[in-house]
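Structure, as structure tokens:
By letter and in written order, the chains are A, B and C; residue numbering begins at 1 in each of them.
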Amino acid sequence: MPEPSPSLPSAQPRELERYAALLRETEHVRGKSPARIAWQRLRKRWPAMISLAFLVVLALLAIFTPLLPLQAPRAVEMPRASLPPEVWNEAGSLGAKSDAIPSEIPVLDKISVKVKQEDDDGNVIEVSKEVDPPNPAIEQLQTGFGYDELDFFTRWLLRCRVHLFGSYAWNSWCGTDHLGRDLMSRIFWGARLSIAAALVATFVSLVVGVLYGAVAGYLGGRIDNAMMRLVDVLYAIPFVFIVIFLMTLLENKQYQETLAAIGINRMVIFFLMIGALFWLTMSRVVRGQVLALKHQQFVEAARSLGAGNWWIIRKHLIPNLLSIVIVYLTLTIPNVMLIEAFLSFLGLGVKAPDVSWGLLANEGRQAITPVIFHWWQVVFPGAAIALTLYSLNFLGDGLRDAMDPRLRNR
Amino acid sequence: MPLLTVDDLRVQFHTDDGIVRAVDGVSYKIERGETLGIVGESGSGKSVGSLALLGLIPTPPGHIAGGRAMFHDKDLLRSSQHELRQLRGHKIAMIFQDPLTALNPFLTVAEQLMESTIRHLKFTESKARQHAITMLERVGIPGAASRIDDYPHQFSGGMRQRVMIAMALSCQPELIIADEPTTALDVTIQAQIMELLRELQQTTGMAMILITHDLGIVAGNCKRVNVMYAGKFVEEAPVDELFAHPKHPYTRGLLGSLPRIDQGRAALTPIPGQPPDLAHLTPGCPFAPRCMNRQPDCETTFPPVTLLPPQHRYACYHP
Amino acid sequence: MMRFVVRRAVWLVLTLWMVFTISFFLMRNTKGGPFDGERTLTPAAKKVLEARYHLDKSLGEQYWLAIASYLRGDLGYSIKMPDLRVSYFIREGLPISAALGCLSLAIAIVVGVTIGVIAALRRGGIVDTSLMALATIGIAVPNFILASLAVLLFAFTLHWFPPAGWGTPEQLILPVCCLAAPYTAYIARLTRTSMLEVLGQDYLRTAMAKGLSPSRIVIRHALRGALLPVVTYLGPAAAGILTGSLVIEQTFGIPGLGTHFVQAALTYDYTLCMGLVLLYTLILYTLNFLVDLSYSWLDPRVKLE
């Protein structure tokens, strides 16, 4: 407390003392931050906590899939087609040597080859160049894992896996598919694609929706009205049908070439479309929240205390928006995964040799007819999807309950 | 025999922070036609106590942990929900604080007024409607017959509270519990509503429990006052006696923070400190930390109730 | 009210025009006509076909011709089955899909709301937990997996219902249930949440303080407020059921619009595809309009503008 200057009237120090006393009092009634309260409340909800744990494990497994001693997801082995699950093999162990995976990746010296080149004058000359020699191990990884198409990190993990486990791989614990590929490995590799697709598409919808909603809510008035009317109109458009329509149009070679030229492939279009599908709800939710927050008394109180725009956005708007956005995210991701599965069902989703859960589930669905009954081909991918969506739903419910102050103590 | 005798009422809530004793050993009596004021700060358990009488505590987390509440010869706290439903709205009615949220926004005023007479007094549809219009006229709603089919949001705040009162009185209850009936209203409207309640009480002869945090309202409307603090009984006395000779330091503190027209511009003296956290109460007097007369014994056990004849009771070691 | 209807109608026309224009130009911009791949076509036959679809005219002319014919309600001919008009597919498929969709939506609403209310009233109990766990399964399992498992269990194993087909009431049960399942589940969860919220409202306490019976409190006082979020969800639910019908009609071999649409999409039958997209837009828009109307009927505080 600053020392009152002697020139002030005598009543002033008494007043100051009173304020100081009030301040001391408030020291004792310090509240907990909403995030901490939410976390404490979430921890008591076991379905949400189990779901959270499951999702964390799932995410870790998906990231480190290349490191796990799984069989090669793309290694076609017709003699092994549609084998039922086998945990222990005849030798009684959990895994065995796989022919599709190299036992080591030899480091080969570069070799020099002669290449024909044009020099500055346009004459064709022969130049010798140092290149990597053909490496049989890498070629094997290429057929088994699609090595060349993988990103740097994944390749590195895959090489680590070969160094760690060699060609040892777990048995087909979930059985094999109709081409003799190991289903468990395909589910793991499919998880990477499915989860990545869900996250990216959700992120697209998040960015678009939050920006649009926040701008509309913050500006208010006529602009808000017009922006939300547009959302209303877009709501009435059956986007899934348009997505299907566009996807089939984009199958056209001409479009694909044009798009590929600017670095857009099928997956990117897929993300953009799904993002476009889900930003509507997000923008509505965010706009509603911003509108409500703008007129909240604590925001006006902060403003009357001289808080700047940035302070208000950082301290009041973002924390309050965050909870609703997080809850909505946990509900969007399942929807995106369902749409991915749906497009796979129609044959418009991920294309082989890539693999996603939707693709696996659709392949599995076809393995169930009155004559053939390869249940594992639908049950395991289906269970992977269902468990993930189940967890996300439970986590979303738990989060919503934990973050809703009105539900406190219930 | 008193109309209602509440004896050692205890209500608890199980929360994340532990057990909250919202009402802890509160007793009072109310005679026919009498008005009893129950006064306390927000969170002192005054509303919870009256809701508990009607079995309206949300269970869980709340539950009634003990006590008796004799209405005629029936213990309300041990009655089944079925028995209580016969009493609620019929013999005991309630008026709530905020008429905006307490009236159903989806139903017309007519329907909300008619349903209790149809249920309790077995009125026919048309008779109930006629009665509802009469009730609206009695509470002073102009053009009652034409406004009866409006929705609550089409009324102003004061008018809504009048509708609420008409609703509570439509079955001619013997006891009415008014839970802060004027807190959500403008000051000018407050006086009108209190005036209306007083007048209706005189014509119908019903008893009223007036729950409020405002001693000013109590002064003009009640015969006796019961003061509560942190869910506990503090002091009870006839109004004049309480204002003239308050015994409990908390009551004195409340009176000290009340502006009075006869004392000119003397500074109001707030009670220092904050009300305690009900989940972590010490065994002693809950007011002790803020009390000027605090002695060591205040902190160990809750003081017993002292009777100052004829009708003044208080719970304090060092008044 | 009139203004509301008129404004909605204007927006509908604009929306349809937007969808039409975008689709039209994306479609016609593909190099080479849709008949280039057909080896069996003689140049003369190709000419006839191109004349029929106005492909021999300039793009602008094509656009105006198409708009004019659409305005007349003529959706043109299918590209892959040139003898059939698009309206033929609609006439054949729409009644089937409408029956399937309406029935599923009705079941989803009735069953979903009932389950949600029961769960909310038994909050925290074993009934609530198991109903909600069941509902979450309905949400978490993709439609086509659910459908194929249902066929496997009820058609092939138990022989209760036929696995596919259309026409008899028995053939209706499985597809309707599979189509309704996710939306039933969603509506149940939605109802539960909003019911819990309404049950905590002050006006419910007032109703209880009036001594009303529990059934009257729930039905007359609570349900109306609790239904508002459900009504809001009906727009998306209708869209979802339209989407789901693609899967369900395929799986159960039902000759509805969805089957035609998927076929059209997979065989690049642009005119059929576009006609159906416009039809779906019209349906969804109308449903959304009805939802808004019912919303203002449910909540007296809402004014239509």
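Things worth noting here:
One rule holds in what follows: a contact is a pair of C-beta atoms (placed from the backbone, for glycine too) under 8 Å apart; a residue touches a chain by one contact, two chains touch by 3 or more.
Because the structure is a prediction, the values reported are computed rather than measured.
Contacts between chains leave no pair untouched here, as each chain touches all the others.
Across A-B and A-C, the chain pair carrying more C-beta contacts is A-C.
Distance between subunit B and subunit C, defined via averaged C-alpha coordinates, is recorded as 53 Å.
Centre-to-centre, using mean CA coordinates, subunit A is 54 Å away from subunit B.
In whole angstrom, the spacing between the mean C-alpha positions of subunit A and subunit C is 28. In subunit C, 200 are the positions where the chain touches two or more neighbouring chains simultaneously.
On the subunit A side of its complex with subunit C, the touching residues are 229, 232-233, 235-242, 244-249, 251-252, 254-255, 281, 334, 338, 341-342, 345-348, 358, 361-362, 364-365, 368, 370, 378, 382, 385-390, 393-394, 406.
For subunit C in complex with subunit B, the touching residues are 124, 200-203, 205-213, 216, 220-221, 224-225, 298-301. Against subunit B, in their complex, subunit A makes its touches with residues 21, 25, 28-29, 40-41, 44, 408-410. Touching subunit A in their complex are the following residues of subunit C: 11-12, 14-15, 19, 23, 26-27, 30-32, 136-137, 139-145, 148-149, 152, 156, 163, 197, 200, 235-236, 239, 242-243, 246-247, 250, 261-262, 265-266, 268, 270, 273-274, 276-277, 280-281, 283-285, 288.
Touching subunit A in their complex are the following residues of subunit B: 13, 15-16, 61, 272-274.
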